[in-house]
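Everything on this sheet refers to the single structure shown next.
Letters are used for the chains, namely A, B, C, D and E, taken in the order the chains are written, and counting of residues starts over at 1 for each.
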């Protein structure tokens, strides 16, 4: 039985963790979910490390929604750096699912983007855990989580 | 008995450590407080590491007040990176509570912001130590420490 | 028998992994190829670490195609930092082969650049694994993978 | 007998190490000084690590004077990041005393700033080694090494 | 017998490794040189780590020539960060000798700058390995490798 961690924040303005859990349960079995909510994105790396090392998670989906200001971008950078370090210390994947508040001016569109991106990365998590060959068939295809795919370059 | 570390600086222009200690004591029992003051924010990471490894703290609140200049922003970035590294090395949370001097032009407002943010993160510390499920109920709710909450996206 | 890892992404818009495998097989023998495809470039570092430590790869070629926006540049920076860390943790080379979408406005040119850069770095991989002295003869020669060489400075 | 390390550079345009040693000797006893001079600020982190691990220093004062160009700022950032990492690896304080060449247009003022900052951080070093409670009494007081103190926020 | 590593790139447009080896041999004895050429500057950190850990080098001179574009500056930053990390992991010095292509518009001047900087850092290497006290006498003197020295501040 695999364990999938869901790490998210009280800062985010959409419950991406809930969307991802719904998508995971609709598309696969053979796993258990552990959820860990922290205040902000800079609290995510250590939460992931604790889930890997103390709760034996096999893969983590990490959700955050950085604000639009320069300081928010810097926080996102620091969080991302820590998320990559955590993966290297544990040899396990963390799929970072960040939606930046300035990706849309419209609240409804932003919520739909967050929901879709969370769900599409939940599918990526299933591939990484249970079916890595599926990802090889999509190498270089210009996929985009949350948006229409860019597709491969037209030659 | 849990141990909560308070790390702060002589550079900051408001005694956020004091505010946090007051808030912690007003809202919970079952913990002891250790305080460690350093000159500037770049001295915070190693102070936290020492409190974790030599004093067995379980969680740390780290307070800083970066100045308004580009070099100050860079120092804050370096300190934040070190704070995240420290958490990963120790598998324990450090709640970074930074108030940037340029968050307000008004000294009184800045002091009130620092006081409120310190207190609201003290409450987060209590949740992380004693009641993590409380944070899950607030996932994706758009909470903001020190300001009015942004709230969840309206759909 | 050496093992060469190929790590690439579903985000990229050209199948550089395929081009590199073709080039490797056309120019050398005595190695086996392991391929690992991940969603985006920030997933590359841990995939490399897993290939080094759990699959005993001797060298990895890592392919990515960052988008044109500032956030894409930041992701590339974070991925690169993680790729360097991974090499230091494993004492083995990862040749990072990134093609930035804004290196050309023309899709066909971008695809040709990606193909050529992938192939020229495949040759670098062969030199690093089997013939390091060949690289010493080219030190300071202004070589450029994917473009015409800049050449040594004219004195 | 405590050991205080003094790490400085041939790049700097003022002998801050000398000023700090003078200040240390004027204000405390019970320590020995080890000096290690390197070419530039990016050589400082490993010099500190060597002083901690091979010479058993208890605390280090690290002096640098970054130039005014963007590349100099980047070097300072890289050095600072390494200095923080070194502290985390050794659980000991390094007080980073950097004076940026563009902090003053006037050479005399810059020299005086460097001298004063070096001396004021020497006092911080004494507090950290021998009297940490003294720093707690100054928490949140808006102290500034090398300049007039900003003081606490007026409410 | 000390071992000095020379790490350089095929990307650079001047053979600084050759210049440094010539300078080292003209000014000292009692060492052996190991050379390791890689494609680009981001390949330098792991090459240094391998020379330290698998070839027992005592000190490394690392030569690179970053291009003039923002992406080149970012690569240089990533390489520098990795070079500092490598030193901290091995407790040995790497003298980073980077010449940025935009340090001069004139190819001949750029080549002379590269040659001179390589040679002056070769002398620094000799001091660090064989005569550290010589560097202490130059602390705070405003030395500049490759250019005229800035000198100490005039008071």
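Observations
One rule holds for everything that comes next: contacts are C-beta pairs under 8 Å (C-beta built on N, C-alpha and C of every residue); 3 or more make two chains touch, one makes a residue touch a chain.
Remember, predicted model here, so these are calculated numbers, not experimental data.
The chains that touch both chain B and chain E are D.
The chains in contact with chain A as well as with chain E are C.
Our note on geometry: chain A versus chain B, Cα centroid distance of 25 Å, whole angstroms. Chain D has its Cα centroid 41 Å from the Cα centroid of chain C. Among all residues of chain E, those that touch two or more other chains are 81, 85. Each chain touches its two ring neighbours, and walking from chain D in the direction of chain E yields D, E, C, A, B.
Against chain B, in their complex, chain A makes its touches with residues 8-18, 35-39, 42-43, 45-47, 49-50, 53-54, 71, 74-75, 78-79, 81-82, 85-86, 89, 107-108, 110-111, 114.
Every residue of chain E that touches chain D in the complex is listed here, in rising order: 73, 76-77, 80-81, 83-85, 87-88, 91-96, 100, 121, 124, 128, 132, 135-136, 138-145, 150-155.
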